[in-house]
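Labels run A, B, C and D following the written order; every chain starts at residue 1.
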Amino acid sequence: MADDVMERDVSVLEKERVAPVETLRRSDEALRLPAVAPPTALPLEPPLVPQVGEQTRAVGLRAQRPDSRNHGLGLTRYIDDIALPGMLFAKIKRAGVASARIVRIDTSKAEAMPGVKAVLVGSEIPVNSFGPSLQDQPLLAAPIVRHAGDGVAAVAAVTEQIAEAAIDAIEVEYEPLPGVYDAIEALKPDSHKVHGGDTNVYASKIIKRGDVEKGFAQAYRIYEGRYYTPGIEHAPMEPFTSIADWDANGRLTVYASIGRITLARCDMSRTLGIPISRIRVIGTVVGGNFGGKNEIRHEPVLALLAKKAGRPVKGRFTRVEEFVASTIRHAFTMDYKTGVTKDGRLIARQVRMVLDGGAYCSFSETTLGKACILSTGPYEIPNSLAEGYVVYTNKTTAGSMRGFGAPQVCFAYESQMDEIARDLGIDPIEIRVRNMFREGSISSTGQVLHSVKVKESLENAVKKFGWEARS
Amino acid sequence: MNVTITVNGEVRSASVPPETTLLVLLREHFLLTGAKTGCDVGDCGACTVIVDGKAVNACLMLAGQADGRTVTTIEGLATREGLHPLQKVFEETGALQCGFCGPGVIMSSKALLDEIPNPTTAEIRNALAGNLCRCTGYQKMIEGVHEAAEMLQSTTTPATLATKTPATPALAALPQR
Amino acid sequence: MKPFGYVAAQDSEHAVALLAEYGKGAKLLAGGTDLLADLKLTPHPPPAVMVDISRCADLKGIAITEAGLRIGAMVTHSEIVNSPLIRDTLPALAEAALSIGAVQTRNLGSIAGNLVTCVPSMDSGPTLLALEASVTILGPSGRRTIGLADLFVGPRKTSLAFGEILVEIVIPKRNVGKPTGFQKFGLRKGQALALVNAAASFWAGEGLFTEPTIALGAVAPTVIRAPKAEAYLAGRPVTEDAMAEAGRIAATEAKPITDFRATADYRRDLVAVLVKRALLAAHGRATPNRKDIAS
Amino acid sequence: MKRRGRGIASMWYPVGFTVAANPSGAVVKVNEDGTAVVLTGTVETGQGALGVLSQIAAEALGIAPNDIHIVSGDTDTCPMDTGAIASRTTYITGNAIAAAAAEARDTLFEVASQMLGVKTSQLEAKDHKIQVKGFPARSAPIADVALRAHLVNGTPPIGSASWNPPTVPLDPETGQGKPFGTYVYATQIAEIDVDDETGEVEVLRVTASHDCGTAINPMLVEGQIEGGVFMGLGFALQEEILFDKQGRQLNPNLTNYIMPTTLDMPVVESDIVDSYDETGPFGAKAVGEPSLVPTAAAITNAIYDAVGVRITALPATAERVLAAIKAKRAMEQKQIPA
């Protein structure tokens, strides 16, 4: 591909108004200066600046956000709006195969391309693993590829176009490995083990209160159901982007659209093998997070490329990378078994859930824990047992996403609640009120709850909606 | 190739490779970074700008296709006198959250209000269907366009209204799909 | 995007000349909404040069001519949506155009661009096919006119020879004003790709289905007609039951595939529903005098 | 034919990390003119956190939100913060900022007590003044107090604090313990139409009532609720990452990964429950994540209400709903005796 680009016969193109392939020769590395200044005179009147005056309360005000004016003017500087002098553009080559061993990587053609300033493979990374709980995720796969979005090599070049051509020019030879692509399959003893060992289960959780068997024995009826929710993409409008920049003293500054700069700094320190204090992380305004920008993705790779090239390096995910190389919401398979009394009181609930963790751990443990704790729903159930497992598969890594397992279990427990209400002929509002937490209720973990407002929320919603009971 | 466009009222030229999109021309050559790169293939609308009065995806138009045309970006909306009503309403009501989609949403809304000064909710929803937003659920944006329309109309004298392009027949007149 | 060259054609003759000049490395650029997105995503090499025809004035315009309703190749979807002429005579065409993409892409994308992608799910196809449109093609050896159905060869494959361009779409005069309905079903309401789309058209003189036509999209390698369903309707009294039966027959004529968007069975179910609804929509537009006005 | 249905779902959701430490630090510096700068390590991710945190700091100092400037998201200049995750910013970072502001305010009280001749315990900060409780006329403008603190007393009013919610680790065998500082609650009701010929579900409106403790900024709370319902609607009806048999995504783009557009979104009727949590800053808890939690169940319960089919696997695409409707019809026909 790159050869094709480089060696294309340009004679056909050297005709009027056709200015082809010049990009590759162009290498205009100088910082471009602004050609058009925004016509807006700043600051605008009336100014959004401190005003001294009467002010009785700040809390409870429908106050204008401090960033809203810049947002509306298009002046908010997101990370992709920042360019440092001499900055290079990085691209990461994605495996495209979900389970394989890298036999050989040949980066020589990429390195020889004009405009390419640095190339990096996984073996060059000081500590090639990261993760918020288990450090099981490589920055660039070496030598095992565990999902199709794994990076295998990276390039920094003077333009994005050259970087793209360069990663196309990197040759990677894979030895295919067996794979496992389904969470339930991954539980089987003979399934492919994504990280070796004898199981794909990498975290489990039990939340147990009372005695569910006793509860079921006393139940008037027992309801059982399986519920499934799929993998979901965060899809923030801003793709994941970072810039790495070293100073001459060996201090690294990373600009990143990341919601957790302290964790990011620790992860970078560990992977790069430099002290935490030598790294500065500047979290730029995040263009949508939803849990997808809670940890590093490529920053150490950019830092190493920047170090090699001696110039700042920006990396911006394409929209496709945003899907395949970021994390996603865990797909859940949930078995719910609930015992109720004749008047619709929940007296026992057993939940078993299997989470598809994808190739690496990320925030799986937290997600699993929250899901198990919350699986009773906002209801007082004297006997409950939740057990959950999260398994590796050769799929996109599942991590934190808005709700951490709560939307999944809520879908299950509220669907089943509806079934129970209909089967028992109890109004769906009434059955919830009968079971709901109240001030001082005990949760599934034995916690005494305070400021419990679930009944009020139900009453308000019913009133606002105009829900009328049907006979 | 050389490209000359009138952007936000100023005539500008640049020499760019032919495969340069209007979005790259604006962001990298003119440093007008208001239009955003969200998907780069016309799905998200974060790059929306107005070319010759029409809202378009700047990522799907070559710089060469914009040659000689008039382009308005988010940076060209406010004047020295103040904010455009859309900007005013959006900032006051919290219509934007992370704000990344905002420049596109505002430009789509502007193109709509230029064409239909008093749009229905259905027309607003239709005009913004090409602008994905992951934060807001669109509600405050839709309300904000209504409010901005009212502001614009209250400041427009009947005489200037009459000189405006006649409103095209309401899209809502077409049966819903 | 990978490097390529660019040249703007002044008119259709110029475009044909440029294609001849640059040869196989050249590719026509219309609105660009499909082509540029494809170029950014595909690993394949780009064309050597883009011949931009979006500015050709002779490819613009919507008008009634001797032959019928002429829509220039480079007319955008928005122009169709907003055309008083089309809204008045063939509102289903405007509905179909309105169902494409979003405002931004409709402002760029052209009707001919949509047709020559030749994707089975194109939204411009069914209505035009149901109205028995023809297309005019300009090539090195001059002009030729073919039925729209003959343009479609297979998925992403048209009968255009290299060096030819599509210059206009003509709906025959006899069908201008013919009551027509368009229906589309996608996975969401905005920016939807059709799982199935359908158009139906008929005159309802004396309460009978007269010259009924039905066209289906996204359920075969190209947009297709449903001749058996059409034959079933011809001459039958206009009733909802007949429309439903025509839908069921059309479903047997569809040859949909299963992909990640939907199964073939579901697409067949949709064909039955959408054909019925398209016929109902057409019926809603049928007024006894309409044919006289048109002819 | 379209069939109308309604469905309800309630939920609970915790604030902050599960047991694990997730502290926030904060520094509040009162300027010479009585305005203040807040340093926080959290990052604005769009939810309006910096606005909310400004309002908390302003409330504590008796000044206006616009009097606060926040410096955030820089590991060199800002105190440690666990970050914008787990709906923790208002509750945890807010508590840290409220405490840091109170510390800075204490310095102002010391200066003002000399100026006003009363004990510091008799003072309050309100309306841009340091005033005697119960005697607001006896007061000094906060700008005067601040300037005096800086330039006369030599005690610049600077406060720093950190906060981490108190928890009790979970027993590894039973999971019993106190994993979170507090929880929020919500109920949503969806009204929908189901097209029983295509299976298409149209959500007409969603009523969403949320407990978030004190709403520091109701407008931003509404924004979170509306956005949460949007994401919940996508989860319920449209969104799904599809994989081929080799583990590769089939729809990794915004063309084929279907999320709601303006044309798909219903009207959201937000309601904020009257609530006050004494462990939160000025009674506040959280709203960020919870707003999407109950939406899917409310919608699928409404589908059941409309057409009598139970969707147990999300998303409830039109194809899945139609398949369920057809299965139900087939079952009913079998049950009708010949």
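The criterion applied here is as follows: a contact is a pair of C-beta atoms (placed from the backbone, for glycine too) under 8 Å apart; a residue touches a chain by one contact, two chains touch by 3 or more.
This one's a predicted model, so the numbers in the text were calculated from it and none came from an experiment.
Which chain is in the middle, if each chain's centre is the mean of its C-alpha atoms?
Central chain is A.
From chain D, which chain is the farthest off, judged by mean CA positions?
Taking each chain's C-alpha mean as its centre, the farthest from chain D is C.
In whole angstrom, what separates the CA-based centres of chain A and chain D?
19
What whole-Å value do you get for the distance between chain C and chain D if each is reduced to the mean of its CA atoms?
47
Averaging only over C-alpha atoms, locate the centres of chain A and chain B and give their separation in whole Å.
The mean C-alpha positions of chain A and chain B differ by 30 Å.
On chain B, where are the residues touching two or more other chains?
1, 17-19, 39-41, 43-44, 94, 98-100, 125-126, 129-132, 134-135
Which chain A residues touch at least two other chains?
17-20, 22-23, 64-65, 67, 161, 235, 285-290, 319-320
Hey, what residues on chain D touch two or more of the other chains?
Only 45-46, 48, 219-220, 228, 231, 253-255, 259, 261-263 qualify.
Are the chains arranged, by touching, as a line, ring, star, complete graph, or other?
complete
Spell out the part of chain A that touches chain C in their complex, as residue ranges.
So the residues of chain A touching chain C come out as 1, 4-5, 8, 12-13, 15-24, 161, 164-165, 168, 320.
Show me the residue ranges of chain B that touch chain D in the complex, using the header's touch definition.
Chain B residues touching chain D: 39, 41, 43-44, 93-94, 97-100, 124-126, 128-132, 134-142.
How about chain A: which of its residues touch chain B in the complex?
17-20, 22-23, 26, 32-36, 38-41, 44-45, 64-65, 67-78, 80-81, 161, 234-239, 285-290, 316, 318-319
Inside the complex, what are the residues of chain D that reach chain B?
My answer: residues 45-48, 219-220, 222-223, 226-231, 253-255, 259, 261-263, 265, 267-268.
Sort out for me which residues of chain B touch chain A in the complex.
Chain B residues touching chain A: 1, 7-10, 12, 14-15, 17-19, 27-41, 43-44, 46, 73-80, 82-83, 86-88, 90-92, 94, 96, 98-103, 106, 132-135.
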